[in-house]
Amino acid sequence: MFNFPILSLLIWIPILVGLFLVISNNLSNKLSEYLTLIITFLVLLLSLSLTNNYDQSLSQLQFIERIEWINGLNIFYYLAADGISVSLILLTAFINFLIAIYASSETYKNKSAYLGYFLILEGLLMGTFTAFDSILFYIFFESLLIPLFLIIGIWGGKNRKYATIKFFLYTLFGSVLMLIAIIYLSTLAGSFAIRDFYLLNLSFEEELFILLAFLIGFGIKIPMWPVHTWLPDAHVEAPTSGSVILASVLLKVGGYGMIRFMLPITTEAGIFLSEYMIYLSLIAIIYISFVAYAQTDMKKLIAYSSVAHMGFVTLGIFLVFHLLGNNLNAAVIGLEGAIIQMISHGLISAALFFCIGIIYKHSKSRLLKDNYGVVTFMPLFSFLMLFFLMANSGLPGTSGFVGEFLVITSALGSNIIIGFLAAISLLLSASYSLKLGKNVLFGENTQNIQGYKECTINEKFVLGVLVIFILYLGLTPDYLFKIIDHTTINLIDSINLGRT
Amino acid sequence: MIPISYYLILSTIIFAISIAGIFLNRKNILVLLMSLELMFLSVNFNLITLGNYLGDLTGQVFVFFVLTVVAAESAIGLALLIVLFRNKKTIDVDDLSELKG
Amino acid sequence: MIYLALILLLAPLVGTLLLLYTQNNSKRLSIFISNSSILISFFVSIYLLFLYFSCNYLPVSQDVLVFADTKLYSLSFGLYIDSLSLVMSTVVTSVSFLVHYYSISYMKDESSFNRFFIYTNFFTFSMLLIVLSNNFFQLFIGWELVGLSSYLLIGFWTSKESAIKANYKAFLVNRVGDIGLLLGLCLVFVTYGTTNYTEVFNLKDTINNSELDIFGTSFNLLSSICLLLFVGAMAKSAQVPLHFWLPDSMEGPTPISALIHAATMVTAGIYMVARLSPLYVLAEDVSIFILYVGSVTAFFLGLVSLVQNDIKRIIAYSTISQLGYMTAALGASLYSLAIFHLITHAFFKALLFLCAGSIIIKCHHEQDIRKIGGLRKFMPITYLAFLYASLSLIGFPLTSGFYSKEVIIDAIGYYNHTIPYTMLLAGIFITTLYTSKIFFKVFFGECTLHDRNEKENDKEMLVPLFILTAPSVFLGLFIFDSLLSGTLFGASLMSNTVVLDFYNNYVINSLYFFLHSFMTINFFILLIALIFSYYYYYKKSFNISIPNILSTILKNEYGFNNLSTKFIPKFQNLLTKYLWKNIDILTIDNGIINNTSLMFDKISNTVRKFQTGYIYHYSLTIISALILALLIIRIRY
Amino acid sequence: MIFNLLFIPEIILSIGVMIIIVIDLFLQSHKGITFKFIQLLLLLSGYYSINGQVSSIYQSYELSEFLNVIKFILLFGSFIIFHYTYKHLKYLNNLKIEYFTISILGLIGTMIMISANSMLMLYLGIELLSLSLYALIGFNKNSSLSSEAAIKYYVLGAMSSGILLFGISLIYGFTGSIIYSDIAEVINATEMNSVEYFGIIFGIVFITASLCFKFGAAPFHMWVPDIYQGSLVSTTTLLSTLPKIAVFIVFLKLYYIPFISMKSMWSDILLFVGMLSIVIGSIFALTQTNIKRLLAYSAISNIGFIILALGIVSNEGIQASLYYTIVYSLTALASFGIITHITCNSHGIEKISDLSGLSQTHPYYAILILITMLSSAGIPPMIGFHAKLIVITALIDSSYIILSVIVVIMTVISAYYYLKIIKTIYFDSREDLISVYSNDSLILSLNSISLLILGIFPYYLFDLSSYLIGLLFAISF
């Protein structure tokens, strides 16, 4: 069919070039910018061709690359892609491309290393989304921390040391528990391949503990309430592009892991605990929205809003457990909603962090009280930012709505109260998003002491492209649905079959 | 004939005394060195007794090796002691706590 | 026909995009694009209406753009063309066009002239999206986009503090309703598996018997859906208790108030319920609820406008009250009557607002009616237009308002809904009072204009007034019979039997109804109110002091004012701060996370002391470990 | 002739040491040449050890393929250590060839230890090693810290030798032999009465305690941080690698061959000791400010992993422990090696804060430290991750789930202090002078980068360790 190791290329090209950039610290800024741009563009093209070659009508894995890696332990270099992977790969490539474009409008010391870490991060993300061997997955999953740790730590804000170490240890803690679960599964299955785990017949207690390990591991990454507190700190300290990649792609790793591991492996325990997990998601949606409203720092506000939006992702995923017995269609809707929500949040949060970065560039402050009346000096920018804020609050016609709509639909399929509580987010997300708009974009500002200036051409391009894609996904997301549909249905069906 | 257990108990007692000497002594490193000698003595005693009991020469040969090694060890120990004294002007055990934590 | 309808729908959108593209290049271009795009829409809609009735088309429903088409479900954008949607779109485009035209002059001094037309064009598009939708999903999208345009337009003056606050509030209150609508939509989607109107209508009977379980109590599924959807309508159409955004929304430019907050957007809720009448007919308990909500709104919020002094706020409350009439009609299953009042109201309320706009601009943005007076001589045309609009609003016989409003009141009375009927009757009195209050205060009395040589406004502002006057006065008479007898809307609206029954037994025909009205209590109330207000407002021959409590209550809008401006924001600030500071930071972050790391630090610092540096401690440790091991082994084996 | 060939690596070294002492007398001013000779000696010895003969003609001295490889590893390790040491000493103006001769004697000691097939040879090897280490630790004659460390190590080391001897005497008394194979026969075959049984068990406990002391495992670890801190960095490098490998091999040979039938007893002890080492190594290190002390605690926790893996008593466990030992040695070499290369205010690196801002002045070295520290913390894709992974897999394979949970949590805690170092290097800014005195960092780079490369291609090392284990044991447990 397609014998070209495209997935490996997606992973290793950026990593190798990234390493080169990191080591060769004397490279000039311009050169490294162009190199990064070319590589990210290449990766984008590759992932587009991947999407193009992906056969949507098949539900099994495609582009499989499987080589023995550590033979003694039965660990394979096993890459493959299904619909969920493909969609997330596309998102990763796209966001990184935008970061590469945006990078040239910012100045950093030692820029080549900065860009190099981003390239490494991109490659590792690709790996995370395509690894079908659990140890390989774990390696990519963990390695992600390193470049991000350095990006935030080296190029971050004042309080970066605290934030980075907190972020690193927090996520490490979650993932080591997950590692134990993976190893335990592998001793039962005799292999580390994720698909082999699906076939295991676990006892209920085993499932319960494995579920908890996964829940902590992925829950921290996504992040779920109450293990979300690393995220606002990390975001606030991160440089703009760091926040972008963190919010738009890194968080998705958690959701991806939940879909890949929790749903099929720990179904029974999931059904048992689904109610509590749904409560957690609802707390994330409602409580975190409240907290977001109270923020005085723009980045923190958006960070909390990310947590709230990821609450929809977890809700969609956990609803599958809840609905398995009685309403499979709603389960499929919920899961698709969760996936779409991931993609959409990837675009919207990226856009918002870019916007905040642009404001910060002028005013050197991220506080709500220091920024006002932006619209007077940056009309186009304000218009775009308002659009993103609206998308963030789930305005129909933007991608932000689609996922929430599907998840709420699915929630109604199980219980109207859950649906109602989830739908409250419509109000709450509008209240904090527009609060940001109200305080920052509007208002009277005649002095312009902040020195606002309309965006540069690069920034316009980045934001414009994001607008187009957010609208595209909001109006005719059919293509995305096509990509994930068979995979999702197949996943739910196989889980359901596995139960009976 | 004295039963073998008596010998063994005796050597164990000597061993215990030497160890007690190490951790009860808070004055002088020289006393520590002496305790160490006592410890090796007890071991040698043990080895000889057992070798004799088993009718085997190995134990006694072992003792010779031990004696030699201990001699070398003491030599190094005393050398270190001199170095220490040159540096710190004291050989008090209590003064040896710059490295801690 | 579908293509024409597509042109109708998309013309304003294309206009928006073109305007976005041209930016602030030239005013003439902006004017041309915006007005012509709406005009195209309007002509197409008129043509379609003509076509529809002349060729006896059946309702057409067709999907145009696929949103998502998966194995299990599919969602798409589509058009539904029948008399209801066409009439509605004609109303929307016509009012919209006139307002556009009017704005050319009204907004001529604005720096962001272009932006205004972007918003208005976009608004027209979103409204048409609702009107022409053939499924719930698109309805919701249009619904929210309308809310968005309203948000943008209320906050048009971005540096005006009160406008920013008002649009924030408006959007949020609308969002409350949207929650209901979204839940209704999702419930429809998850139970019927589709959101297409026709498919849902075909399935409704099978679902009617299913139950929905909430906290152990079960509810009828269909009623729940209807109720949830109606919550959305309540917010959009400003029904109690979600009405309080509307008066504040008057912060926007006046043409916008005319277009959005009087004529079109606020009627979306009414339109939706009418559109979904096949469902609402079945949900009788919900209908009763709607009836009461409508009549309460009509009466109590009419009262509030009596104590207001801002010209636009008075008209805004009047709008709420009139919407209450429509809602009441919906609740009584008189769907065609509600739409009838919707149409006439759209015209005369737009006219009123445009007149208000002319007055405001003449008085240099003075909106307090106590400071305006004696404009009759300076603005004769506006004066006449306002007069006709007011007559229509109070339901003076033969005007459009008369036909559409009296018929609702009479029909509700006819079907023996006593309490609503009483409230609606009282509403007539109130309506007359506040209308004449504006009328007399603004156009009579002492002149307040500084420049005595002021003339009537530009002709761009006057032409729409002329044009709007016609339907405000005559449209009612013109369509009254065909509408009531069911020929106009036909099968688009359910419960024609209810209306027909009322028509055949009570109304007979428009002339009879006109004559008959002089003998009804309605007319007497109207007459008394007119006489009263003539003496009270014009002649000022007597003074009534309203009890203090009552006036406070009214001024506070039954507490909604405080609730929305003080209590809720304060509560929200406190609550969110509390949650953030106490739970997120204190409990989770400092309490658990940082304390854990501190604890480990402390442990580390404590245990480090065991590493004393003394040889004897080290050896003691080694020996005790050894002895312990020996002991344990002695015990275990 | 046969005789010559059999012991040739050891003989080369022994004779070499004598020659060096003589040469050094004449070439006082050309230490470089002598050092070249020493390197040559190591290479030669290494060459012969990898191509060494295999023979079983001696009961008390084993010559096997397995040991040949291990000896090669030891020699190779010392080659790298000497390389680092030479530069370090030269920079400190303390370059004396005696340092290397004593080190080589210690090296011979380790080779004897691992080859020993009798308790006597084991004792002699350990003593040879220890005696050299006493001298090396006290090598910095003018430093009071150094001599304090030497005395401490001397007293405690002698005590542990005493304990070892006492254990050996007990084993000897109750089995009648000091040869491993004979002991194994007695223990495995005969039915024992309770006195004999306890005698042997007590003997094993004594030996375990002593070996754990040499290993630096808790609760016999207390010397480790003091000695690491007090001695020269080069000595620390040596201390943290060669003896550990040797003691590990002794563990393997002693516990898995003669003492194997007592496994129910010693496996519990080892598991406990391993666990405790990991916990203590992680917790104590959290608040350290001296980098050598910190790395000492890190060594303790790493040793804990090795002992834990040994205590599992399964094929996976053995393999994991060997793998872990190799990885640990590589990592320790790299981490101490880097410290030997860097100076702050023309002193060696002592405090962690001495490293601050290294990434700005010497980005390349910063990357090397980054890789090394991440590997120590067990973050993929570094090799340290695979090592920990294999140990945990072995633990879970034998259903020690709770232990593995504790282990990974401790890994997270220990990650904190590795991150602290990275943080200092990358995120803190510079206050005073820092310099790297060597332009020639090829070996160091290879050493550090191998941690990453091997992490991406871990199977070479994995194959090696399983091959070695295959050589050592034909049977499975």
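Should a chain be cited, it is by its letter among A, B, C and D, assigned in written order, with residues numbered from 1 in that chain.
One rule holds for everything that comes next: contacts are C-beta pairs under 8 Å (C-beta built on N, C-alpha and C of every residue); 3 or more make two chains touch, one makes a residue touch a chain.
For clarity, every value in this text was computed on a predicted model and none was experimentally measured.
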Most centrally placed chain, judged by C-alpha centres: A
Pair joined by more contacting C-beta pairs (B-C or A-C): A-C
Geometric centre distance via CA averages, subunit C-subunit B, whole Å: 97
Distance between chain centroids, defined by C-alpha means - subunit A, subunit C (Å): 36
Whole-Å gap separating subunit A and subunit D, where each centre is the average of the chain's CA atoms: 43
Whole-Å gap separating subunit A and subunit B, where each centre is the average of the chain's CA atoms: 65
Multi-partner residues of subunit A (at least 2 other chains): 169
Residues of subunit D touching at least two other chains: 151-152, 155, 159, 225-226, 416
Shared-contact residues (touching 2 or more other chains) in subunit B: 19, 22, 32, 96, 98-101
Contacting chain pairs - touch in the sense defined above: A-C, A-D, B-C, B-D, C-D
Of subunit D, residues touching subunit C in the complex: 151-152, 155-156, 159-160, 163, 197-198, 201-202, 205-206, 208-209, 213, 219-220, 222-223, 225-226, 265, 269, 280, 283-287, 413, 416
Contact set on subunit A toward subunit C in their complex: 166, 169-170, 226, 229-230, 287, 290-291, 293-295, 329-330, 332-333, 336, 373, 375-376, 379, 390, 395-397, 401-402, 405, 408-413, 416-417, 419-420, 423-424, 426-427, 430-431, 434-435, 438, 441-445, 475-478, 481-482, 485-486, 489
Residue numbers on subunit D that touch subunit A, as the complex places them: 319, 359, 363-364, 367, 370, 374, 379-381, 385-386, 389-390, 392-393, 396-397, 401, 404-405, 408-409, 411-412, 415-416, 419-420, 422-423, 426-428, 458-459, 462-463, 466
Complex contact set, residues of subunit B against subunit C: 19, 22-26, 32, 93-94, 96-101
Subunit D-facing residues of subunit A, complex: 22-23, 25, 69-73, 110, 113, 135, 138-140, 142-143, 145-146, 149-150, 153-154, 160-161, 164-165, 168-169, 172-173, 176-177, 179-180, 183-184, 186-187
